[in-house]
Each structure stands twice: as structure tokens, then as C-alpha cells.
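The two complexes that follow have subunit A in common; it is paired with subunit B in the first and with subunit C in the second.
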Partner chain A sequence: MMLGRVAVPLAAAVTLALPAVLDDSALAVYVLLGLAAMVTVGVSLLMGYAGQVSLGQGAFYGVGAYTAALLALNGLPPLLGLLAAPVAAAAFALVVGLPLLRLRGHHLAFATLAMQLILLSLAGQLDFTGGDIGLQAIPPFSAWSFEAGGVTAYAYLTWAGLALVMLVTRNVIASRPGRALRALATSETAAASSGIPVGRYKLAVLALSAAFAGLAGGIYCFYTGYVAPGSFPVLISIQYIVMAVVGGLGTIWGAVVGAAAITLLVQGLDRLANLPGMPSYAPGVLSYAVYALVLIAVVLFLPNGLVPAIRRLLSRERPAKTR
Partner chain B sequence: MSAFLTYLLNGLAVGCAIALIASGLVVIHRVTGVVNFAQGTFAVVAGLCASSLLGLGLPHGASELAAVLAAAVAGLLTGLAAVGRPGTTPLSSLIVTLGVGVLAYAVEIVLWGDQPRSAPGLAGSVTVAGARIQTQHLLVIAVTAVAFAALALFFGRTYLGKALTACASNPYAARVVGIDVRRMGLLAFALGGLLGGLAGVLVTPMRPISFDSDVTLIVNGFAAAVFGALTRPVITLAGALLLGVAETMAAGYGYGSHQLEIALGLMLVVMIVQAGRRPAISQEPT
Partner chain C sequence: MLAVQGVSRSFGGVYAVRDVTLDVADGEVCGVIGPNGAGKSTLFNLITGHLAAERGEISFLGRRVDRLAPHRRARLGMSIVFQAARVFRGMTVRENVMVGLHGRTSAGFVAAALRLPRHRRDEREIAARADAALDRVGLSEWADRPADQLPIGQQRALQLARALCARPRLLLLDEPASGLRGQERERLAELVEELRAGGLTILLVEHDVAFVTRLADRIVVLDLGRVIADGPPAEVRNDPLVLAAYLGQSA
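Now for the complex of A and B:
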């Protein structure tokens, strides 16, 4: 892949250079974009490779955020909290995944949605999670002598996390279990009869995607300094699906492109909606409408997503390389 | 004892509303194989329409009827998006209906704002064996009974109903004998919208409804439909009544804040038990 050899270092260079040139409000978008991309890579792996739909990815994000926040508030070093976030999310995914992954298709979609609703409701009622108000005054992230002061530090932290997540995903896909996953996505029966431990692999992928979401949640809680049930609405899980579908399921870069496209589109419309003279409901309405229309249009007219469509366009221009 | 009876009757009314939503899900799933995530949206649209029309001074009956028809139109539009394009897989259609539900948020906020709205229903209450029950609750139970009877007659006794059932059991064979499967799918969505709308106008006087009430409604409806494996209306009705009574009892005896968890937990248990009973070899979608 000539394209990959040029594009990957170029993308890396751009990501490293961007925090230096962006102003603070743009950097905030940059951080959110990176976090969303991190979760979306997991969703894309789960939906595209293992063929499982999760409408509860926001729950894992929330588990990661609450874990990191609780540890940091109880005086443990933030680095430990950040490391514990993906571990806790993955452990939670293993526990709920064991019964839930017996379900398929729309049953699994509703079951994961139910899981998130139950978790949100519990977080809003329990004392140690701070109820509806949530947890506040979370200390900023620090490790050894380094302390994350401004947005720039979080931008680097986020994108380092994203790079790690992408690397892990790439290696998983290229490995023998990765091929097994692709097999079980097309037919579980056929996969099982060729000796693939279907149940164990599905559980492992769910745990891995939960770990990605947990890591993003951990960074998010240090970045914003507070977490509350309202930070992880059902819509956030839908948003990750939209991003994964738009970018192209089962492609790592698709997840990043999808997250970037949706985040930038929504942010752009948000600016537009906050212009003077716009009605007060404009921001919400515009973002709902964008999620919905983009999702419907892509599912119906571009079912493979943006990245595969662009790849096809590029390869069509160079017919010598095909076949 | 009379408290228990009150909770039971109120629970049955809540369960009936859930049953109407669930029956819409079942009708659509039977005919098209699609789980319609926007089913709760139909109820919200109808409820909000009814409250607006009543606010404009239209009489009872006419406004509710118009609201239910509006929900049926919403159902038809959803169907056009979800199954109108040939070759859409059921899972893609589920994601499309998810999108329709979110799109409806935008429309609803523009038209009705983001605050909960209520509508006046039947006032007053009657006393049955020492238990006070609101007339509105009795109305809900009566309408649900009529609706389920009408559905049974429609599917069992009319050509159109039989054609819908034919699409459900074997779409290919249905096409061979000249049934337009796509049109039947759209019809099922319109019917689903009608049933969802009926639930919406009946629920709105009992508890205020806002644009994001659809998540609770659809989750409850899906939970009930899961009892009947998304295909059998009668078991769905039983499941919905059980769910409604369980939730109302929980609220009545002081676990009101855990209502949602009870419904969802019940749904998860039923789904997992059903999945465990499924034969090891099953036909996979191609």
C-alpha cells in the first residue's frame, strides 16, 4: 500500500503539529474529537469485525470516567486512575458480556441499551457516585513531575491514547484471532465448525472495545474535572455508532475519519446555532438533525462508509493496480 | 387490600399502554423482520399532537383521532425510509429507524419545545370493590381490549391481514402469488404508527410526555414484545400486563426510583433465557 506508507506518517505529523497552532477553543474540539475517535475505533472493531451491535458503548465510557474520578478523588495518583479506567471498563464488559453476548442482532442492541440505562439510573441514585450531581473537583492529570496544566497537554495525551488504541486494533486485526473474528461476523456456525471459540472471541472483543472506551472516559474525566450521569446520555452511544458507520465499519481509519467528520460538522453547526438571532433551541435541534440525516443517508446510500468509498475512488483512478 | 387492588388495576392500565406500543413492534417485525426503534416516537408524536389540538379548542375525540392519524403518517414515513429501498437488511433498517427517532427529536423540539406536555383526559374516578381507579385508566384498558380484538380479526379474517401474514411467514412465496411485499411492509409500518399513536394519546393524560419520552416507551414496549419473541401478539399482551403491574407495584410499595431497572432487568432475563432455549443450529441470515 503506497497510500498507507505516505498517509500514516503524514497523519502523525499533522496530529503532532496541530496542538501547537490551534487556539484554545479549537483545541477543546481537538481533544473531544480524539476521545470520540478512541471509542469509535472500538465500536468499529466490535461492529465491523465481530458483527456485534452495541448501543451501550457510552456505559463503558462512563465506567472508565467514574473509575478514574473515584480513584483520583480518594487520593491515589491520577496515573493509576487513568490506568485503572480501561481495566475496570474491560472487567465490567466481561461480567455483563457473559450473559448478554448470548443474544444476537437487535436483541443485543436493546440489551446493551438497557445496560446503559440501568447504569445511568444507578449512578444517579447511589451515594458514592455523587448521585445526579456527579463527582466534582477531580484533580488535573499528573504523572511523576509532569502535570497537565492546559488543554495542549490533554491534546497530546488524547492523541497518544488514540495512537495506542489504533496500534492495538491494527495488530489484533492482522493476527490469527482477527481473521477468526471476520469469520464469525459472517457466520457463527461456520466459524464454530472450523474450530473458532466463538463465545470467547466475542467476549474478548467486547472487553477490548470497552477498554478503549474506558481509556477515553478516564482522560475525559481529568480533562473536564467532573463527571455526572448527564455526561453519558444514550445519545452518546448512538453518536459512536453514527461515527463508525459514517467512516466505514471495520476500518481503523474509517473510525477516525467518521469521528472527525461528525465532530467537526456538529461543532460547525453549533457555532452557527449560537449566532445572535438564532432561537435558543437551535443547537440541540441542529445536532439531532445532523446525526439523524447523516446516519440515514450513509446507511441507505453509502453502506460501506466514507473511507472504503474514497479508497474505491482512488483505486479507480489507477486502473493498472487493480486485480 | 384495596391498595393492592388499586395498584393492580393501575398496573393493568400501564401495561395496556405498553401492550399497544409492543403490538406495533410485533406487527412491523412480523411482516418486515425489522425491529422499529422509532415505535416510541409514534406515541410521542401522537401525544404531543393531541395536547396541541386540545389546546387549540378542538373537541375530545376529534383531536385524538387526528393525533392517531398523524402517528400513522409518521409510521408510513418511517417505513419509507426503513424498508422503502429494496435490499436494506433488517439490521440496517434498525439503524435507519434509530436515525428516524433522533430526527423526530429535532422536529418535535422545533414544534413543541423541550418541556413535557400533558393533555386532559377523562376526569373523575370510579370505585371498584373498594379500590379507586381513574376513569382514564378504565378507558385505556377498554381501548386496548378493542384494539387487540380488532387486530385478531384483521389478521385472521380479512384478505389484507392474511396477505400481511403471508409476507411474514415466507416473503418469497408471498411474492410468487402476487403480493407486493414492499407495499405490505409500508402498510405494517403505518399500522404500527397507528397503534403507537393510540398508546400515545392514551398515555399523555396519565403522565406528561416530552420529546425524549420515547426511550422509556420503546424499551418497555420491546421488553413486552420480547416475551412473545417479537411475533406472538397474545403473549406480548400478557408480558406487557405483567410488566405494567410489576412496575406499578414496585412504585406503590416504595421502590418507585427502581421502576426502570425492574422493567429492564426483567427484559434482560427473559431475553437471555430465550436465547438459552434456542436450538444450537439455527438458520442464519444470508
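Now for the complex of A and C:
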């Protein structure tokens, strides 16, 4: 409680101040971090609260990006494209979730992974998605008289989106549907006995997490100006899970902290790997190795993730101070 | 109230429940006893819909329910307390009980995400009713604790509170007294008596024959998936088939 009252305004202030002080390359990282956090909040909701695994969140991210890109390229207002992105991703999740959510545990994980692979190969083959080259020359985001010119605008758009996603998640978790999700994570049988339509709730939470990913994808396509199958590799889905686990599954702030930790780590290693004298395979090897090592280290030493560990630390220290 | 008609269910060719017929009248407390593996829990799962019957019909409040999903039967007014404790992890005791009201309330994702007035009203009502149910089973002081840290006896009480919260017409209790100590057991018996006095229909599985005899208007005895006796407690206790089933088990 106390922690929240201090942390939330502080986080908001830092979020608002950062775009003013960061240079363009740092700001680019800031945008990507915010987008990753948006998807990761959905992963945390899906896995941490509702107990359903998805190794295919990157697919929903992609559906959102392609939807917004296609609409914008066909002359529709970018704002419409951005709003359609989460809707399309959620609709897609409802369709694929119907068969997929009959599976549990690692079966569900593999099936969602396969779903992403199929989607990527389709996007690489079909004409209207631009094949392997993808879609280019997507207009910048604009709404009414506002047009997103530089990185700063996207930074604000991204972090506003993230704030919205976090708020929705917080409200849902503490409510009747949120309790139903948390209940079915422990026991679907006991949840059903309390009158919860388990299948429908699992679909709904998948769709909600997909909508978050879709919104991030929509912003991403306007930000980069192009989308291609290569923008949504399977590694990206794994990365979201690593972020959620590192930050702490089943905490909203954990998703943001995890996304920040992994993004900054990967960026740092990227700079390291690209230093003169490093072999050409260094960037690839380092980024994969880092996911593996960080995941193992967290599972071993901080099984609940960073945010719960920090909370415990703070709540242990406070009574000591008053003494 | 509840009519089970020729219901069967087998696992791997072996019948766990075989051709069971059972009628429970409104306001009746019906005990179900039988040796381990007799099919009591399976019968409960068939009634509540967690298992599908291979044959037979089940009606509840004059309506066929054997094809309905478990959550639909729950919404018609069936509540069950499982034999194994099933409290929801990562939630407080109060939140666990609030889940019991799911079928009686309706605020969905949109109302929750936007914190609509309807949702706030629902939440207040749910919390108040959950607190009342917690009070009833004597768990008020535990309301804000994580549910999975409760001792086993309290976990059972928590499930009972969750079930009662939904204001069921039929309450199914699967060995509610197992693992409870003397005083807790007495308290449970008093609560069941209170519920009976309030007119609630109860199906009660229990190994403790004295416990069932005290509470039940009628006892049904299962053995190897079949009903071998059905009648008032005094009669059933002296039934030769029942004695044989119990002796057979202990031999």
C-alpha cells in the first residue's frame, strides 16, 4: 500500500520526464521497452493470474501490427488502424483460442508456438501481407490535427498505452472476473462449482492479453514504418515470457520491471557484442545466452521474480527503521 | 428436489457407480456411507457434473440436468464441498469466499475494467455477503490472510463458506469432518443442524457413522458402486448387507 502510494506518482513522473532528457537512440530503446512491457503485462495476466501458458504472444503482436499497417496503407485514418489493432488481435485470439485452450500446460505452450509459426509462414507467403518483404511506407501516426513527427511522440503514445493497459489489468484483477481467473488457475473443477464458465473465461483472458499485444503491435508499425514476418520471430514470444518471469509473474509492476531489465541488458550486450574486435556471431549468441542465463538465475535465486523480492526487502526494512 | 435414476459410470471397464437410483426430498438431510472406493465421491461428481454419466438420468428441481455443464448446475443451486481441500491459491480467505458468489452476480470484464457503478455496487454486496458467510463458519479473523496458509480444518470451513455464499438449494458435503478434531467436528455438526433447520437440502458423505446418524434423516449405503441399503439411520445400521460390507472391508 505505502509502496504503491510512493511508487506510482514517482514512476509517472519519471516516465513523463525521460523523453525530455534522453537522446534519440536512447529514446528508441525507451519506446521498444514500453511496447515490450505492454505485451508482458498481458503475459503476466494470462500466465501469472489465470495460469494459462502462451508461447505465441508475438503472433498477436504481429496481427495488431499488420492490421494497423494494412488499414493505414489503404488510406484509412491511422487512429482507426491503431484502434483496430487490439480488436483484430483479440478476435484472432478468440478464433484460435477455441481449439487451443482445450489443451493445458506444455501442450498449450507448444500449440501456441505452432500457431505463431503458421501465422509467420502465412504472412511470408500471402500477397496482401507483402510476403517476406512485408509492408513498407506505413504513414506516421496521426489523429485529428496531431501528427507523430519524432521519436518523442511515439514515446508518449507508447507509455500512455502502457498506463492504460496496466490500469485495465489492475481493475480486472481486483474484480469479479479477475477473481474467477485467479480461481480457475488453481482448480478448474472448484471454479466451475462456483458457477464460473471456465472455458469462456480462459478465452476472454487470452483475448484480453492478445488485445494488449495487438495495441503494442499497432504502435510499433507506425513507429518503424514497416512490418515484415522477420519483425515477429518466435524469440520475441520467449522474450516476453522471460520478462514476465524475471519481473515476477502475477504482478503488474513485475511485467514493467522485467521488460526494463531485459531490454536494458540486451541493449548493453548488443553494444558490447558490436565493439570492434568481437566476432560477427557475437550479437546473436550473446542475446540467446542472456535469455537462458537470466531465466535460470531468476528461477534459482528469485523464484518469485524481482518485484516480489523488492517488496519483501522493503517491508522487512521498514519496521527496523521505526524501532 | 434431486432425482438420480439408474445412473452408471465406469473407469477402465470397472464400475465405480452402477445403476444407482436415489431421491432426495426438499429439506432432507441424506447421508451417504460406504467403504473406501464404494463410489461416493464419483456419485457426487456425477450429480454436480464434473463427471459425465454413461447411463441414467439426473433431475434437479424438476429439470433434467445430466447434460448440463458443472457451472450451469451450480447456477441452478448446487454447491459442493470437495473431499480434498480446494482453496484458491494466491487469494485471501475473503476473496476465496467471494468467488462463491460468481454465479449470483454478473459484472463482467468491461464493467470491471471501467469500474462502472454497477460493478462497484456488485463488489460491495459480494464482500458483505462473503463476510457474513465467513462469520457463519467462524473464519472472520482469517479474512485477510492468504487462503493457502490456513490449517486444513479452516480450509474445509472456507470451502463451506464459499459454498454457502452462493445460497444453494442443495449442498453436497464430501467427508467434511475428516481431518477435523473433536471441537471442530462438533462445530461442523452444529452448523449442519442449523442449515437443516433453515430448510436446506443436504447430501452428506461421511465415514464417521455416528456423525451421519446424528445429522441425517435418511442413510443410503453404497458398496462397489451399488446402493445396498436406503432408509432411516436406525434401520440401516442393523441391515445385514451393510454389516457384511463393512466387515468385509475390515477383514
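Here are some notes:
The rule is short, and it goes like this: the second predicted complex is superposed on the first by the 318 of 323 C-alpha atoms of A that agree within 3 Å, B and C clash if a C-alpha of one lies under 4 Å from a C-alpha of the other, contacts with A are read in each partner's own complex, and residues count from 1 in each chain.
The working rule: contacts are C-beta pairs under 8 Å (C-beta built on N, C-alpha and C of every residue); 3 or more make two chains touch, one makes a residue touch a chain.
Predicted, not measured: the structure shown is a model, and the values here were computed from it.
Contacts of A:310 after superposition: neither subunit B nor subunit C is touched. Annotation for subunit A, partner touching more residues between subunit B and subunit C: B. In the superposition on chain A, A:204 makes contact with subunit C only, not with subunit B.
Look at A:250: by the touch rule set out above, it reaches subunit C but stays clear of subunit B. Once the two complexes are laid over each other on the shared chain, residue contacts for A:241 go to subunit B alone; subunit C is not touched.
Using the contact criterion defined above for the overlaid structures, shared-chain residue A:261 touches neither subunit B nor subunit C, since it reaches no partner. Once the two complexes are laid over each other on the shared chain, residue contacts for A:29 go to neither subunit B nor subunit C. Once the two complexes are laid over each other on the shared chain, residue contacts for A:299 go to subunit B alone; subunit C is not touched. Legend: residue contacts after superposition of the two complexes on their common chain; A:83 is shown touching neither subunit B nor subunit C. Touch criterion met: A:187 reaches subunit B and subunit C at once.
Once both structures are placed on chain A, subunit A residues 187, 189 are touched by subunit B and, in the other complex, by subunit C.
Note for the complex: subunit A touches subunit C at residues 49, 168, 171-172, 175-180, 182-183, 185-187, 189-198, 204, 208, 250. Residue ranges of subunit C in contact with subunit A, taken from their complex: 48-50, 69-71, 74-75, 79-80, 82, 86-91, 95-96, 98-100, 102-105, 107-109, 111-115, 119, 122-123, 126, 162, 166. Across the interface of their complex, subunit B is touched by residues 53, 99-100, 102-107, 109-111, 113-115, 117-118, 121-122, 125, 187-189, 234-235, 238, 241, 245, 281, 284-286, 288-289, 291-293, 295-296, 299-300, 303 of subunit A. Contacts from subunit B toward subunit A in the complex involve residues 35, 81, 85, 88, 90-92, 94-96, 98-103, 105-106, 109-110, 113-114, 215, 219, 222, 226, 257-258, 260-261, 264-265, 267-268, 271-272, 275-276, 281, 284.
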